[in-house]
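What follows are several structures.
Both complexes below contain chain A, partnered by chain B and then by chain C.
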Partner chain A sequence: MARINQRHKPGFVPLTLFFILFLIFLYGPTATIAILSFQGPDGGLTFPMNGISLHWFRQLFEPQQVGDFGGSLLRSVMLGFAVMICTAAFSLLAGLAYRRKFKGSDALFYLSLVSLILPSILISLGIGIMFDRLGLAPTWYTSAFGAHLTWTLPFGLLIMFAVFNRFNRSYEAAAMDMGATAWQTFRFVVFPLVLPSLIGVSLFGFTLSYDEFARTLMTSGTFNTLPLEIYGMTTNVTTPVLYALGTVTTLFSFSLIFCAMFAVHLLKKHRAKTVN
Partner chain B sequence: MSKGSVELIGVSKRYDESLAVKEINLKIPGGSYCCLLGPSGCGKSTTLRMIAGHEAASDGDILLNNRNVTDLPPRERGTALMFQNYALFPHLNSLDNVAFSLKISGVSKEERHSRARKMLDLVNMERFAEAFPEQMSGGQQQRVALARALINEPEVILLDEPLSALDPFLRARMRTELKRIQQKLGITFIHVTHSQEEAFALSDQVVVMNHGHIEQVDTPVGIFTRPRTAFVASFIGGHNIISGKQQNNQFSPDKAVTIELPQSLHSDALQERTVSLRCDRIRIASQPFEGALKAVARIEEVEYLGSYIHLKCQVGEQLCLSVYQNDADFLSHPFAPGDSAYLGWQNDQLNPLQ
Partner chain C sequence: MRFFSQYISYFQAAPLALIILLFLLFPVLTILVVSFWDYDSYRLIPDFITENYEFLLTSPVTYSAYLKTLFYAIATLVITLLIGFTVAYYIAFYIRNSFVQSLLFIACTVPFLTSNIIRMISWIPLLGRNGLVNSALLETHIIDEPIEWLLYSDFSVILAFVHLYTLFVVVPVFNSMMRIDRNLVEAAIDSGASAMQTITHVILPLCKSGLAIGSIFVMTLVMGDFITVTMMSGGLSASVGVLIRNEISLLQYPAAAANAIVLLGTVLIMLSVMFRFINIKKEL
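Our next item is the complex of A and B:
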């Protein structure tokens, strides 16, 4: 038996090589941009590196001729948070609603899935036109906010479906048996138990909104969100500031993920400590 | 009836077309230990859940302390249900699990924790007050679940197969523990199980159920010595069920076998008759003896089970009897498959079945 374990199956080497290629394809561009963002002051958009500096990061936070990095980042973060909160709240409520069949539940479910299937750019265009017809000016906090929700809500809903499918109903029955009202059962049992999943839905909602391009394109109005700004800069900016921007935004996303993971880790450690 | 009495009057449970519980009538005295015993799907869990209020009765009335609770929600009944998989809240430690019902009724943190600690003490789990359910074994979780059920001082505790998830050693230990706590508190325990051993060891009253109705209600001794139906006799085990034709005192389960029935079962007319006969009340010997069957039995199978030996014997063509022989007799004269043997019993051991 030991022999079988030592020897690889015939496909092992080619498949491993293929997987490595895939990893390079996946992370190569990001790594390249990260490296190029440390280009010296006299360096250009391509290799070779002309020295190493933080010059372009400093440049990033100074007023640019084209591109308002600080403003667009702030808008994207605020929009992301608003979308995150709405997604979490409505996904939770919808998940609870769908635990029992109600009239028209199937129709409503398919209707909400339609916006996942439709091309994003069409939805963006539609919302843009609708605002125009209604004589409203599209802005990032109205029309773009709605456009992002058409994207994040169905995802959040699907996740909450999965969560409640696995939810053991005997916890609720036990709470009821001990005299809890429906609200107390939700407040002290159901909510704490689905909270980790809800945090997941929130993070998901935030990241989906934070990097959403197509659905913002026709709906953001005068001021750009970050993805639109970056896109605008790729066509206008010809310095490594663009790369510094890429690096900073990537780091921002990573730090969000690490914060979440660290919080979970702390929570687990706290539990382990209370026991021993 | 004393505190904690339960009475079911014509209670039924209908699911769409099928009847899960069929018009059962049952009285459980307060402060007693009652086991609902039966195979899976016999309606025992449904009955328990109807008493708890987690399942609505389709028909009939449920009385607790002579108060009709049929339409009351669980929390207004004075019962506490212990769930099959305990349903301890995974996000709370033992102490908070036990204190949960006090928390929702607004008892201060200090008081509810001190009362919860007392309950954990009762089930010998005070050392695990801070442990979360996932950090405890099945037996420990069960003790915590019991403490949680007890903290509201219910008059009736309902236990849904509480020991089925435990390994055999732990099961026997928890069984003793349940009985100890029930006797200490003097409240009514209604316990659903499919194990006759569990039911016999714990109960003051055993309720044997099958296909949604009650087959027999009696003490463990009554159930075992006088099973009322063939189902009860076969479900509790250790009984032979013998069917045949009877006229006068003569009962023949097989052409070649005639058994004499006790005078109490006398019947002039020719009729069908089914009786049960305990396996451990059959005497077996290699030589004929006074009162033995005329027909010779052939040993078909021999199973060594420690304190006794299970011998499967064929008498005539249709009568197959299981005999439990004690190990001392077996070891002094071991039977082997294919051997001939003589069987006999006191005829008052024949118990009529309906």
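Our next item is the complex of A and C:
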């Protein structure tokens, strides 16, 4: 009878402790550098804190200190945005395509999986050499853009697969029966239903591109994206300005995640209201 | 209209197919071709030679790099599977409130959407010679001298891998666990199975494909990695990815290409074994 009272299910206490330790393991290091980024002007890379200041955050915006922070941030945001749009659009389209059987669908599906799990250095090297052989200069908005899509699109595709597998086709059938055209059915029935998942796909598209390092390495050309810039800094910057940068980009990612979740929440609330 | 609706799937799948063709198939073919080319210090020379492979396969450096990489991959896999399974098991079977359940699940996945490089850097103030761990241990007189192997060692490399990739196990395993019919678990308990027996005889077999998907991600991510190994070993350790990266920076593209093709072959062999355990389409 013990199992009826779930609170006292055997193993609850040790497993809860284990889970809490896991969360500390996940977030602890990031929290540490967040604290250290508020070091006083004389503070170093490790504890103790030598006063508290915003000194290193100010340093971040002085160009001579950290290479090209502003420029690389701008490039990463624009690239992430473009990758996000294409990931959302292309994976939605592909998801729709896979609701029917078509020739080559299995091959394309397995190639997408390969794309997801192929070591990123292979993609980076391959695209780098291919552009070199074609006589094209690699840039962040061509070769790096393509390289990022090989990683974000399969993720988007898998999410859309999961969505359409659970999709109730009778809504569509009802719309069609009432005389809606194919476009109207998509626009007013299918699209609103998949929109929350599409926001999730977009979030993945943006953040995966924004943080991508290995695939950008050989494909970004002359100008660095933010992860490349940060990597460059790890070898030659020995002040907490590095931590300040880490804290700023992590906060940026967190706020994006929060916005996306909030948008999904609003959509669901809105839908619940209109249905009732 | 009839023509259009007949072929609409092809139009819808076209952008994906185009990206795969241009940025996956062509680049991999390019690597394959270039791996047979000759080169000198300035340029690539189109040719058909097998020296790149001969050099690679006879060099002891290659073998030690593969051994090192396999060591990292297996150690990381074992640890991430243990931690990932336990965490997923806790969220799936011990948390009854579905809101709390999704909250905890999201807490485990959020770090995936932040920068890996920053997450690696953030170990430095903890593990360094004057880092938090060493100071705490010195302060409490557990040790008399700072531990040197905390940072820039195999330990820190594996620690970083586990830190970065455990959620690749948590997500698919949690997904598998949520599909397990709870009656099966109850039936096992009712028939007198202990908690451990329920795990080994009921839950574990039903999570097989989730564990396989997680293993595929962890193995391929570790096998192809160069940045974690470079940063966390302080440049002291050479995995296969690091070798390729070094050849790239020396502009020895054909050598790097041959190395990449061998890596690709190794990864594909491992995958073909792991894919036997799963039907990926059923998992979505």
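Simple rule for what comes next: the second predicted complex is superposed on the first by the 244 of 276 C-alpha atoms of A that agree within 3 Å, B and C clash if a C-alpha of one lies under 4 Å from a C-alpha of the other, contacts with A are read in each partner's own complex, and residues count from 1 in each chain.
By our rule, a residue touches a chain if its C-beta (ideal position, glycine included) is under 8 Å from a C-beta of that chain, and two chains touch if they have at least 3 such contacts.
Treat the numbers as computed from the prediction; the structure is a model and nothing was measured.
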State whether chain B and chain C clash or fit side by side on chain A once the two structures are superposed.
fit
If we overlay the two complexes on their shared chain A, which of chain B and chain C does A:Met130 touch? Say first, second, both or neither.
second
Should A:Tyr27 be classified as contacting the first partner (chain B), the second (chain C), both, or neither?
second
Touching A:Ala180, do we find chain B (first), chain C (second), both, or neither?
first
Quick one: classify A:Ile230 as touching chain B (first), chain C (second), both or neither.
second
Please tell me which partner, chain B or chain C, touches more residues of chain A.
C
Could you say whether A:Leu193 touches chain B, chain C, both of them, or neither, answering first, second, both or neither?
first
Tell me which partner A:Leu267 touches in the superposition: chain B (first), chain C (second), both or neither.
neither
Minimum C-alpha distance between chain B and chain C after superposition, to be given in whole Å.
13
Residue numbers on chain C that touch chain A, as the complex places them
5, 8-13, 15-17, 19-20, 22-28, 30-31, 34, 44, 83, 86-87, 89-91, 94, 96, 104, 106-108, 110-111, 113-119, 121-126, 128, 130-132, 135, 163, 166, 186, 189, 195, 216-217, 220-221, 223-227, 231, 241, 244-245, 248, 253, 256-257, 260, 263-264, 267, 271, 280-281, 284
Touch list for chain A against partner chain C, complex:
3, 6, 9-12, 15-16, 18-19, 22-23, 25-30, 32-33, 36, 45-47, 86, 89-91, 93-94, 96-98, 100, 102, 104-105, 108-109, 111-115, 117-123, 125-130, 132-133, 146-147, 149-150, 153, 157-158, 161-162, 165, 182, 203-204, 207-208, 210-211, 213-214, 218, 227, 230-231, 234, 242-243, 245-246, 249-250, 253-254, 256-257, 261
Parts of chain A lying in touch with chain B, wherever the complex brings them together
168, 170-171, 173-181, 184, 188-189, 192-193, 271, 274-275
Taking the complex as given, what residues does chain B use to touch chain A?
52-54, 73-75, 79-81, 83-85, 87, 89-91, 93, 100-101, 103-105, 130-132, 135, 148, 152
